[in-house]
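Common to both upcoming complexes is subunit A, partnered first by subunit B, then by subunit C.
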Partner chain A sequence: MTQETKPEERKKRRTATEAASRIGAMSKAMIGNVLRAMEEGRPVAYAFIFCGYDEIIRAMDIVPAWTENYAGICGAKRDAQRFLERAESENFSRSLCTYALCGIGFDSWREELGEMPPNPPWGGQARPTVMLGSGQMICDPRYKWYQALQHYMPDVPVYVHGMPWPPYENDYDYREVQDYYVKYIVAGLKDLIAFLEKHIGTKMDWDRLSEVVDLSDRTWNLISETYDLRKAVPCPMDTGDAMNTMVPMTFMMATQEAYNFFKDLNDELQRKIANKEGVVPDEKYRLMWGGGLPSWFALTDFNYFNSKGAVFPVETTYRLLEPVYKLDLPKVSDPLEHLAWRWVKWATYRYDKARKRPGSHPDIEHLIEYIEEYKIDGVVMHEAFSCRSWHPGLIWQLNQLKKVYGNIPSLILESDIVDISSYNEADTRARIDAFIDTLEAVKSRGR
Partner chain B sequence: MSSQYFVGIDLGSTMTKVVIMSEAVVASVIGPTGPEHRKLANKVMEEALAKANLPFDDITYVVATGYGRINVPFADKQITEISCHARGVSWLLPEVRTVIDIGGQDCKGIKLSHGRAVDFVMNDRCAAGTGRFLEVAAEGLGVKLDDMGRLALTAKNAARISNTCTVFATQEMVAKLSGGVPLPEIIAGLHEAIAARIYSMVRRLKIEREVALTGGGAKNIGLVKALEAKLGYSVLVPPEPLLTGAMGAALLGKDIVKKAAESGVPLARSERRLREATLFT
Partner chain C sequence: MPGKAAAKGLAAADRYYQDYGCQARELKQQGKRIMGYLCALVPVEMLTAAGFIPFRIKGDVNEPITKADAEMETIVCPLVRSAFDVSLKGKYEFLDGMVMAHACDSLCRTYDIWKYTLNLAYSHLINMPHSTDDLSLNFYKALLNTFKTSLSRFAGGEISDQSLTRAVQLYNQNRAKLRELYELRKAVPPLISGSEVTKLLVAAMSLPVGEANELIGSVIREVKQRGCILAAKSARIMVVGAQVDNVAFIDLIEDSGAWVVADALCPGSREFLYDVEVTDDPIDGIAERYLRKVYCGRTFRVREGSYQEYLEDRFGYIGNAIKDFGVDGAVLYIYKYCDPFGFDVPEIKSYIESKGTPVLYLEDEYSMSTIGRLRTRIQAFLELIGSK
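Right after this comes the complex of A and B.
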């Protein structure tokens, strides 16, 4: 019986920074805020992080409920299985994205009961006023998930705006087509605002939107500057913590709270660097988390790496966006146009670089840039079985990286983001041990 | 100066292997691991010492490897099987650049450079592509596991086994048998299926010649031939392919002792008393 499934025992991860240790409470408060909004009749929108229009949601005082991340929380609390099983019993395939399955399982159960499923993690996921899909050419569940949810919530309207960008090709200049993309995005954002005004009943305050856009620009700049501090040796914060600090970066983007968090983190990292405080006392190997979402139920694996003298000063996951001052943005007064240009320029940021290196690709340039800037000894990736869009390309990236750049030790971990039945701690750690051996072998004879 | 002796003990999921080395191999023992293996490392060790006619006190250094390596309480050090296989194969066959190790419950590909592992891939998730696949199939067909390889080579054609899952492949195999497909053809098809599975994993490493095959799978001539067909060239098989991990462990122990002597740093050693692991008692 799925209802009787109990969460598995969960080990708490040791954080390196004080800022990261506050994230659990922040996330819990955020989920609580969504539930309160629902109870008070304030508008709640199901949405996806990196949707590209957080500013619109915030400027209209809509409370976002990040559904992928609620699934991640269920996974981290090792309490996702009963929701996955629930979705499976509704005939959704186990091969689908487990974020979506967990969310669909939870929502279908809540809708059937007319109340939260028993003992929901952190109080549960609120029933939304609207659902805002956002595919971004990387992920089909971000288009289809909410449409599937309308089977259970036919009264909740869905709006899907994909926020596209010019695809990378090595034989054309994206600038030839970028204006079309900007126009398309702006038109879509205008439609989105009209949809929200209709269903939420609040008019957009355009001055406020401009202020919020400015705040998010400043926050992205601050995040980049803060994460750049991790280049220090010894590294003061690693990917284990960054998988926590993604919370203010993504769940709280375009809020003062997010800006303040990164200001505090920046101060803390500067203090640590001044005191030469590293994540591990004797830093032997500097690794990059080169792609893939983590197994949220196994973040203690980062501590295991640390116990072997390995740190992760950088990750490509959740570092998709560059500081705004690095982008070649035209000066525009319309905040929607600014959002569109920023989006297109983020996506195309490494296109020129990739075209200069035969066989390369923007994602590979991203890896190369970090390998050099952060003095990386090895790359670790995670192949999550349930992700069919982003994760399958990782092995290709790794192979291509070795072709165009050179050999670098690499490790591919295999499991899932939410489904704990895919994970075996002993095997994972045996692989990590073997990887550490290969790093040592490569280091001892010089790359 | 009296001889120094080094022990490598490889506690695999199916077989336990012990090698005692000095300048060459002095003694070796291979025995089934069995369900009690975590408690029995000391028994296998006793047997190897008796074969070498050595008291345990004469052993300079003990390295444990394999899945059960943490359950060898008298080991001086634990080293991963990837490093041990790399060292063992390089010692036996220095020309080898890629090792494919087919164990009872996992399969590994190891890339070698200057005698050390510099990259690897592992399948420890799925029985297909491991010795377990053939074990289950042999049981289902009522054929001795040791006869499977030889029988595969007698087939004129190989039946196509399209399922990669061990459970479903077994069902498919039984269905084919009922449909009148000759047994050797089915067995040949199984060997092709397992070889395809292993090849698709190991090719991630960019396979370089020479290739050595180790582990229990290397003792199956049908599998060796099926893999050679996939690769398009011959592979090398050490004289006793089950022992390369244990041999590498002993050699790495020797390296460690030599390095410690050169640096003058004393080496920590476990008490020379054979005892069973208490973790599971």
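Right after this comes the complex of A and C.
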């Protein structure tokens, strides 16, 4: 039997922006809203961030329970171990995605008890009405997690919709295949709506869907413009805060609340820039978080970087959008077709650019673009041992970056997203110290 | 180097197994074109129809991973890391190109690493969908047509429907021969050991399909001719997992006093249970088989009916094998970092146990260095079976 343990008390991470400091309360309210929905009998859908169809969920008044979010919260509160152990006792390997393990551990425990496990973080994870996987191209747990959950909740229907995009290939151009990708995505979205109408009992309001799609387009643009403000020197907001502001970006996409949040953040950053107010008073090194999900239990490491005069004006993680007006989207009236085109065009956004630089790749172009636009001195990545979505390929990206662009100091931290047993604070900070020394040496040589 | 005269029977299979790739190397020297591929989800019929000799890239459990880590993260499936490592070390320098299917994250997410690092003249990722619904099937057909066009360009000639149909027939013969081979395992004691079967399956992955068919046929004849020579052992074991392309684990079980008589593995029964239907447009039959009839953990079978029916749909082939091959116990043998099969473990375990068959779940790495520590687990499991 999994033992109930009291999570370790932690000091809160110091945020640079007022907006980011509101995120904790927003997240808590979001979880509370899901629990209320469950109690009131409103439809709750387990779903994955960046599923590509947030708009459908919102337009149908379904309350999304973002299962990765809840696992991240357990991790951030250093209260994930008992759920991970529970999953392990069910024969799930600890080498699997720890978001999924934490969620499965929690849900299997809740199903066994018929109520929430003892002292669940923020009241617990609600039992869903449906589970919506989104398999293709992001990661396997996006469909395996919910498939596995049926072992504990066999009555909860699962829908898995492929949201593929064309891979970057040498043997054909993505434009040769994009039409059938879009066609497949649109057909799948229609099928998803039919599934939801059947299991939720609510009909899609197509006018409302169009409005929500328009809102999310505007939110994409606003977020892009807001994050671009971070190019300023000194940098007014860094990745530490962006790991908070990803909440409205990913968990609240296609809501007015998200749009309003980024409007406020935009105003705040403009004020800070006008006042020359940076994350650190004496900005010495500008770093890019070049890949990998963060250790949610160790976000104070960003403060540690800050204490050394280092800031992160930009990150590739959780910046999974581009200004919509730059995506060269065809004009279509069907909101589902628009979503499909936006998805495919976003994914292929840097393909042409990559072709122009021998040996390059869209992911490398992404790094180069940010290095140049944000005046980056070094790249930091994080390899989370349990996640095979964003983490395989980081070493190769750095190697390839060096080949096609040039040397830039880099650091790959190693730990996990949720499993704190993989983390060693002293070792991590020693590696950060050594990296700062390298940055200083490079800067000195350049002077 | 096995010559034509030697390419028969268990001895030849053993040689092809021990010197994996020797025949492909020789064929390359003769001017043939060799296309590497990873995973059972690459439609080898298309490679053959395009004039290439499909060659399955595999790792080597005896070879420490020393080069791959400079390019590929250690959180990737150890089998993929090992395969990449030996590829970097030049073991498969005869390859003209490489094809990968979107089978799992460890493959899909490392495709670019393979492509850029090995720098082969040709590479292609078949971005196979996960779902088995009609929409996904149609999408998959479109992907296969893109692949066909791409492969034709590289091959320098069109891939005709006739050549595809011929290839489909050849691979169906291959599957039929393997089914016939597996019949020999039903005897008590089995007429062929698990180790011999594994070596043959692995050898066949490295050969042109025609040669593989001849080899399998010759083994069947040899085994039938030699008759019942294997000693009686206390238990008949089925191994369930992803890809087992070496005999280390099979030998461990068979050295511990049991016969491995059945499997749900690649290479193995997962690959030959179902043929490709010969259809007017060959892509139709190929798509149907690879998306819907390869029972791999990476494929999300759409649920119809109750959860119990769903389990039967997904794992019924395991239940059938347990019955048909007189299996006393199943070993669920899963590699670390394997998401498609790792998430299935509780369901498969409870499904098999519901049939009254005991299950041992083992997580392992793709390395000889870990095989030894599994011995006591296997021995304890066999004792448990023996006591029942």
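By our rule, the second predicted complex is superposed on the first by the 442 of 447 C-alpha atoms of A that agree within 3 Å, B and C clash if a C-alpha of one lies under 4 Å from a C-alpha of the other, contacts with A are read in each partner's own complex, and residues count from 1 in each chain.
By our rule, contacts are C-beta pairs under 8 Å (C-beta built on N, C-alpha and C of every residue); 3 or more make two chains touch, one makes a residue touch a chain.
None of these values were measured; they are calculated from a predicted model.
In the superposition on chain A, contact of A:S95 is made with subunit C only, not with subunit B. Contacts of A:D437 after superposition: subunit B is touched, whereas subunit C is not reached. When both complexes are overlaid on chain A, the residue A:I73 reaches neither subunit B nor subunit C. Comparing subunit B with subunit C, the partner in contact with more residues of subunit A is C.
In the superposed pair of complexes, A:P166 makes contact with subunit C only, with no contact to subunit B. Of the two partner chains, subunit B and subunit C are each touched by A:N399. In the superposition on chain A, A:D191 makes contact with subunit C only, while subunit B stays out of contact range. When the two complexes are overlaid on their common chain A, residue A:I57 makes contact with neither subunit B nor subunit C. In the superposition on chain A, contact of A:R445 is made with subunit B only, not with subunit C. When both complexes are aligned on chain A by C-alpha atoms, subunit A residues 395, 399 touch subunit B in the first and subunit C in the second.
Subunit B contributes residues 67, 79-83, 86, 113-114, 116-122, 124-125, 204, 206 to its touches with subunit A in the complex.
Remark: subunit A residues 395, 399, 402, 407, 409-410, 412, 414, 424, 426-427, 430-431, 433-435, 437-438, 441-442, 444-445 touch subunit B in the complex.
Across the interface of their complex, subunit A is touched by residues 70-73, 75-76, 102, 104-106, 108-113, 115-117, 122-125, 127, 129-131, 133, 135-136, 138-139, 142-143, 146, 149-150, 153-154, 297-298, 300, 302-303, 306-307, 310, 334, 336-337, 339-340, 342-347, 349-350, 361, 363 of subunit C.
On subunit A, the positions that touch subunit C within their shared complex are 90-93, 95-97, 100, 133, 135-137, 139-141, 143-145, 147-148, 150-151, 154, 157-158, 160-162, 164, 166-172, 176-177, 180-181, 183-184, 187-188, 191, 359, 361, 363, 383-389, 391-396, 399-400.
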